[in-house]
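First chain A sits with chain B, and in the next complex the same chain sits with chain C.
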Partner chain A sequence: MLNVDKLMVFYENAIAINELSIEVNRGEIVGIIGSNSAGKTTLMNTISGLLLDTKLKEQRKGGERITIFGRISFLERDITDLWADERVKMGIVLSRERHPVFVESDVEENLKIASYLLSRPVMREKIEYIYKIFPALVPLRKRKAGFLSGGEQQMLAIGMSLMANPTLMLLDEPLLGLSPAIQVKLIESIVAIRKEAGVTILICEQFARPVLPVIDRGYVLENGMLTLHGTGEELYNNPEIKAAYFGV
Partner chain B sequence: MKENYRKERIARSIKARSDDIYALTSYREMWYLLFPRVIPIIGIALVAYFLPLYWKKVIITTCIFAMLAVSWDFLSNCGLLSLGQALFFGIGSYAAGSLDHYLHLPVYVTIPVATIMGGFISTIILLPVVRLRGIYFAMVTLILPLMLMRLIEATKILGGTEGITGLSPFPNVWVEITLILAAMWASLFGLRRFIASDYGLIFVSMRDNDRATMASGINIYAFKAQSLFIGSSICAFCGAFMTHSYQFTGMPVFAMEFSILPIAAASIGGIGTLAGPLVGAMILVPLSEILREFGTLRIVFYGLILVVCVVALPEGIFHYASRKYNEMERWVKIE
Partner chain C sequence: MIVYSMLIYGLINSAILALMALGFNLAFGISGVANFAYGAIYIVGGFITWTLISTLNIPYAISAISAIIIMGVFGALIYKFIIKRIRGLVMSEVIATFGISIVLLELLRYVGLIGFKYSLPVFIEGSVEILGAFVDIQRLLIIGLMVLIIIALYLFTHYTKTGLAFRGIAQEEHTSLSLGINPDRIASLSMGIGSALGTFAAIVILPLGTITVDSGYDVLISALSVCIVGGLGSTFGVIIASFIIGYAQTITAMYLAPHWTMLVSLLAILIILAVKPSGLLGHQKELEERV
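Entry: the complex of A and B
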């Protein structure tokens, strides 16, 4: 479904992603595991097209020069030069790092903003569906998003990306800054989303322990390079991964 | 597979360098450092001394606006977004004017005294609002000069609407030009050095993140007051200088022009560099003089040039030029 072929991204002279090739098949949950500065967020931004926008902005103000090589294709179509909004229309939706929500709007308004592409009846249906997946959001529906806790904001952020009707959902560090209990809950809902909505999910994380059991396949990134690739189980039992990402 | 090329940037740095000592090893390196500093100084001085009298006056106005722009940029570097350079300028101007008119002090006393006094008065006026951030501080500084202007009109103090005329002039135009050029370069290089020092680091950090600065145990309001004093003193000097140059002070010194033009100069020259606003003023003020022959269309052309500058070079002229001067670019092959 998604093919990333020999992707290279340079920030000025520093290389962020080096000859990375990954593949995501329909219906899978694929994990990208890597420590800080491994290039996870860059990869997510490149796949979602946000990096093209950053590139243009930097170019106009003469800042960092971003260079992208390689090919990204989605559903057999080359999307390397497509803008982020077009990619969203094709079904690639990114839930960004650090759960960005519209802090001045309440939860329901946030979901409505995210459903810009849908018709009204579909939107209502979708909102109900999201409340079903995240029942914790129901009592908060009239609360301003800025007053939610980190976990609730993360649920809302994932809910917002679901509203855009994704076929491929990119989750950038969904567990960042959450307590272990909430992490487990969130992972459960991610599995539920895959099962019920039939959404393919690409999730990148540095907390490998809660993520590895639920993913079908995983890639391990280090300094922008692919070091390991295997099924979730293989990676879970790999002693190197245990030493590096489990903290044991 | 087709070959991929990428443009690489390399800093054109000086070879032997430690933390704060530059060890220059050749004339070439010295020239590399001196060129962008010495050439403008000599160039502007040559132009200023050898032009006819009318253009000499234009150069003086340009230098005054350049100093206002540098001071605006310094304040914005310290996290104080000011829309009221006219306030500082006007206070300095009125201070010099009244010292001359009422106390009959000579020029070489009124200008320094007005500079310090203007700095003090401006700082004290703005001290209560220094806790406001961003747009709120800007709003207050925008309103204050307009308020003072009406205050003078209503109470008829300090000459009222007539202003104070017949003030003592400079001995001659050469002294005038030398003084303003020296002041302009001193304020530019002084502030640049000041901001680069350890003490100046605090001022810049207040703009980047004032909460983090507070969390480091620094009383940012004391530092904001200091930066306000430095910035407003420079403007007050300009005001005092202009007063003696035109031998007049009056309500026009609080005009919006003195607040807005420095900001325009800073935004086309490059905000945050101190030298950029100076470059911007050096372009804008003479340009507006040249456009004078178009009559009413002047503002149209002026506005067009501003728009083109901001759209084509949003980073500012100085940022662009310094990037081209300090960095080499070359194509490199990937793999």
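Entry: the complex of A and C
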């Protein structure tokens, strides 16, 4: 359903993503594993279209020159030059890294802001559905999102992405800064979301251990280049991965 | 006696300042664009209303509403065709909007906007006596309308989809964009609504005097000083600041001399920038306040 074909991204002359081709099929959970500065966030921002906005802003300022080569297509349509909000309408919704919530609004309002593209009755239904997936958010309804813990903020951030009605959900480092116990819980809900809502998920992470068991396929990224590709199980048992990511 | 009239006229003056500043503040709080054409929009809005009433003989209410709509669309178009290209470059935004302001105001001066005939009629004639002070009904209306506008803004930003999107964009543009909210659309809407609010303020306030070109610059300075003192982008701060500056002006006019009042707002900017540069409520960035 998503095809990234020979994608290259440059910041000035530094290469962030190098001839990367990946593919996501309907109903899959696909993982992108990589350490810091591997190009994960750049890849997510390119697929969601946010990078085009950054590029334009930098251009206006006369700042960093961002260059994108290659093609991205979604549902058989070329979306390489499509603006981010149009991609959201097509069903590609990104949950950005570091728990992107509106810190000055309360939890319920965050969900309401995220429902921009929905009609009112659908919005109410959806909000109830998100409270069902993340019951921990129910007692926090009226609390300002800035006062939530990292785990709660991440649940809210995923909930907000779900409000936008995704068919393909991009999760950028959802486990960043969370305790192992909450990491496990979050992964469980991600699997549940795939199963119940039928959402295809592309998740990028540097904590490979909790992610690898649940993904169907995974790509390993290093300095913007694809180094390994395989099913979750293959990657989990790969000695190099074990050495690099599990510290074994 | 004089204390009572000071209290009442101070309240009216504060309401006038708040009404002037709200539109400027809304556009700045949402889109981050300091609209220096605001004073010009205020005067042009008043002038359009006057033209519709006096030369085309259109009823007051319809003229007022069409002027508000025209200036609202005009504000949105300024964003769409000019500011969109330089968004994020603060200095360019200021130069561009101030340029628009000069063009509009000096054009009005050129076509001859001078004289007492350029004044809008009051809504309701007459005055009432409150605690020994005679107050025009128009001035009382200003207080009521200010309260009404603040309530309407609150409801708009908390209960409508567009209003909620406003609050999203004001907080985090990229997160909003990743949820399908187009920042340019929202920013141009906020400029439009800001300009419409400015025109509304003009139609309510201008009947107290005549429409003059120079008051366009004064309105801009008043709106700016109230917003800077209150904390740019904070609605609650704007209300507090307009009361502080409003009463300070009234007291100065009564006990010192009326020609010192213009200094009050400039002095307020100076003091607040020296003591607390982010403004009275600038540090909190609470969204209820930023609307």
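The rule we apply is simple: the second predicted complex is superposed on the first by the 248 of 248 C-alpha atoms of A that agree within 3 Å, B and C clash if a C-alpha of one lies under 4 Å from a C-alpha of the other, contacts with A are read in each partner's own complex, and residues count from 1 in each chain.
The rule is simple: a contact is a pair of C-beta atoms (placed from the backbone, for glycine too) under 8 Å apart; a residue touches a chain by one contact, two chains touch by 3 or more.
Predicted model, so just to flag it, every value in this text is computed and none were measured.
Novice: Have a look at chain B and chain C on chain A after the superposition and call it: clash or fit.
Specialist: clash
Novice: Does chain C touch more residues of chain A than chain B does, or is it the other way round?
Specialist: Per-residue touch count on chain A favours C.
Novice: Could you look at A:S105 and tell me whether it touches chain B, chain C, both or neither (first, second, both, neither)?
Specialist: After superposition on chain A, A:S105 lies in contact with chain C alone.
Novice: Under the stated touch criterion, which partner chain does A:L94 make contact with: chain B (first), chain C (second), both, or neither?
Specialist: Only chain C; A:L94 stays clear of chain B.
Novice: So in the superposed three-chain picture, is A:R217 touching just chain B, just chain C, both, or none of them (first/second/both/neither)?
Specialist: Touch partners of A:R217: none, neither chain B nor chain C.
Novice: Name the contact category of A:A84: first (chain B only), second (chain C only), both, or neither.
Specialist: The second partner, chain C, only.
Novice: Just chain B (first), just chain C (second), both, or neither: which does A:M160 touch?
Specialist: Touch partner of A:M160: chain C, not chain B.
Novice: Now for A:L50: first (chain B), second (chain C), both, or neither, which partner does it touch?
Specialist: After superposing on A, A:L50 lies in contact with chain C but is clear of chain B.
Novice: Does the superposition put A:A114 against chain B (first), chain C (second), both, or neither?
Specialist: second
Novice: Just to be sure I read the superposition right, which of the two partners does A:K61 touch: chain B = first, chain C = second, or both, or neither?
Specialist: Both chain B and chain C are touched by A:K61.
Novice: On chain A, which stretch or stretches are contacted by chain B in one complex as well as by chain C in the other?
Specialist: In the superposed arrangement, which is not itself an observed complex, chain A uses residues 60-61 for both chain B and chain C.
Novice: Flag every residue of chain A that touches chain C in the complex, lowest number first.
Specialist: 48, 50, 53, 57, 60-61, 83-85, 88-89, 93-96, 100-105, 109, 112-117, 120, 160-161, 163-164
Novice: Which residues, counting only chain B, touch chain A once they are in their complex?
Specialist: 4, 6-10, 314-315, 319-320, 323, 334
Novice: In the complex formed with chain B, which residues of chain A make contact?
Specialist: 8, 10, 12-13, 60-63, 65, 67, 69
Novice: Where on chain C does chain A make contact in their complex?
Specialist: Those in contact with chain A are residues 85-89, 158, 161, 164-165, 167-168, 171-172, 174-183, 285-287, 290.
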